[in-house]
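The structure that follows is given in the form of structure tokens.
Just so it is clear, A, B and C label the chains in written order, and each chain counts residues from 1 on its own.
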Amino acid sequence: MKAHQADRFATIMLWIGSLAIVAILIAFLTLILGRGLPHLTSEFFNGPDGVRGQLFNSFYILFLSLVLSLPVGLGAGIYMAEYAPKNKFTDLIRLSTESLASVPSIVFGLFGMIVFVNMFGLGFTILGGSATLALLNLPILVRVTEESLRAVPRSYREASLALGATMWQTLRKVILPTALPGLITGITLVAGRALGETAILIFTAGMNVSRIPFDVNPLAAGETLAVHLFAVKSNPLPGTNADQIADGTAALLIIMVIVFNICLTLPSRWLQRRQLGRNKV
Amino acid sequence: MDKIVVNKLDLFYGDQQALNNIGIAMKERSVTALIGPSGCGKSTFLRTLNRMQDLIPSVKIMGQVKIDGQDIYAAGTDVVLLRKKVGMVFQNPNPFPKSVFENVAYGPRIHGETDKKKLSEIVETSLKDAALWNEVKDRLHESALGLSGGQQQRLCIARLLAVGPEILLMDEPTSALDPISTMKIEELISELKDKYTIIIVTHNMHQASRVSDRTAFFLSGDLIEEDVTSVLFTRPAKKKTEDYISGRFG
Amino acid sequence: MPTRQKFDHELEELRVNILEMGNLVNQQIALAVSSLINQNLELANSIVVKDLDLNDLQAIIEEKCILLIATQQPFARDLRKLVAGFKISIYLERMGDLSVDLAKVTIRIGQDELIKPLVDIPRMSALVQEMINIGLKAYVDEDCGAAAEMALMDDEIDKIYSGVFGELRTIMMEDPNKVTQANYLLFASRFLERLGDYCTNIAEEIVYICNGKRMDLNE
């Protein structure tokens, strides 16, 4: 009977835990969105203190950092999962990526500032910011890629190779499509981090916005929304309604992240379904 | 005619010898069963025949494996072509997470077939040859993972037949299946025998006795005895074989 | 670790049943021939009754063999033991029937005076019983050599049988009044000759258990 009671107790505790998560999320969304949504007017975007530039920069930096980090991260992850022999050296690589993944982002920011801003003499630029963000995300990408590929059953590989497929065909036609959900999750994680990152960007991309709307010059300084939120809150400009701008920015950030996740998840679901065929079990 | 001739085959995992001076010949269009306790080397041996064993690092293979008179371990052997000719069915059904159609079309596609009509034909014949067509013809574009275990295994056989092999290696193909599915696969094996040379590893001695023409008994890396199945199971020549097949091992 | 102890135990039980049956058959033959020599009708009748036991025993053995083949799915020597055991039990059951036939000869002749002193029939019977004894021992020991040797004794029986046949034919031709009893005696010796053949069949089964080879020991 004791075991039975313990079981019920554990079930209830776990249930309460999950409920708490949902409750926190709802509270969080209602608070932030409730305070911020009313400020999301056209003026908020296009006015003299509008965040149109920051919004654009956020996505632009995200895009550039993904362009820089995805090929390398995916490539390295695939290599580690499929091709790398198991020896001391690859163990060392794995250890290094894991250590890098846990380095505080502000340290990366400092590193980016030293390298891109000072050594290369670029000053605060979108390019420098993106490159540093890419560095921050690289270890995570490598790890996520490796893990998702490793999660693909060995039997798929064997089946494919036994049919006379090459390693590359097997990778392209079987392993990567199967690992896709995992990879998408990894990319979403990385993208979320990029959208929310401040420490790195303050040091590398600066806190200024180009006056030209939708300025794609990567050598311009580029304040993102998250940085903007930080700036407005920590150092309110006189004569502006800093609190309102901050609330609006926060709400906007959340909406961005949600929209972005949906944009990535839905096509991947669709792609998987097409791969799998109609799944009527 | 002998399709496969193995001569003085030794295989090592690192320093550990897993196959010891194996010599055996397998006739065209016949079923050979490999039996023996776990770890006796029968699966290892099976995997040397399509060079799947090469995938494991630190494996060292010596001796000859001739298929149609060609040593498959000779330098310059095209492993891709070899595996097209020598297909393999695994212990657990392992269809790809794709549709039934795409599973069967996979092999022809990677070997360069792009013509849609031709692919459909190949898929249909292969599924028919694997005795699965009637069960899946209305759900070709549904996920293969929705099929039952036995159907999945027959799908794997169809997928294999689609690349046009001559030899089928089966590594305990029914050990994960229920008795009815097992019987269907066994029935299929005896039909496929008319066209293919089949080598099957099985833990189930009754399966070996039912499906095979010849049976080979492996024990700790040695080929102990190989004979006509009916002889091996009623009056084996070696004491070790007798002990194993009558369940009085050790 | 020894495996299949239960199965081994059941095989042993089967062997005990077959031995029991063999001994009973041996006894039936001895009694049948004795009843014939002594013209003991009571004894002859008891043999007919006793045969029912043999039939029961055969049914038990048959059931056991089928059950063990179905449940234990034997291979190699185990399979041979069961198949041979099954056949031996059938041969023994037929031998039982033949001893009943012998006893019936006693009953047919009844109290009529014997046309000749019975010499060859007891000799044949002794040979048959010796074959059964050797055979049962060879079966227990799974002794291929003893079985083959035992089969050779059948030649002796056949030789005596052709002697008896000639002798009785002469009697029948000389005196038509003796035809009926001579015929009965001819049947009796024929039954004993058949018993010898069944012993040879059993020897063949023992050889099959030993080495899985089918050989014709009747040649």
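Heads up, the rule we're going with is that contacts are C-beta pairs under 8 Å (C-beta built on N, C-alpha and C of every residue); 3 or more make two chains touch, one makes a residue touch a chain.
It should be emphasised that the depicted structure is a prediction, and the values quoted were computed from it without experimental measurement.
Of all chains shown, the one whose average CA position lies nearest the global CA mean is B. Farthest from subunit C, judged by the mean position of CA atoms in each chain, is A. Averaged C-alpha coordinates give centres for subunit A and subunit B that are 46 Å from one another. Chain geometry summary: the mean Cα position of subunit B and that of subunit C are 51 Å apart.
Per-chain Cα centroids separate subunit A from subunit C by 92 Å. Interface of subunit A with subunit B (complex): residues 85-86, 153, 155-156, 158-166, 169, 173-174, 177-178, 275-281. Partner subunit A is touched in their complex by these residues of subunit B: 50, 52, 55, 57, 80-84, 87-88, 90, 92, 94-102, 106-107, 109-111, 139, 141-146, 156, 159-160, 163.
Those residues of subunit C that touch subunit B in the shared complex are 1-4, 7, 73-80, 211-213. Interface residues of subunit B facing subunit C in the complex, by the touch rule stated above, are 205-206, 209, 233-236, 241-242, 245-250.
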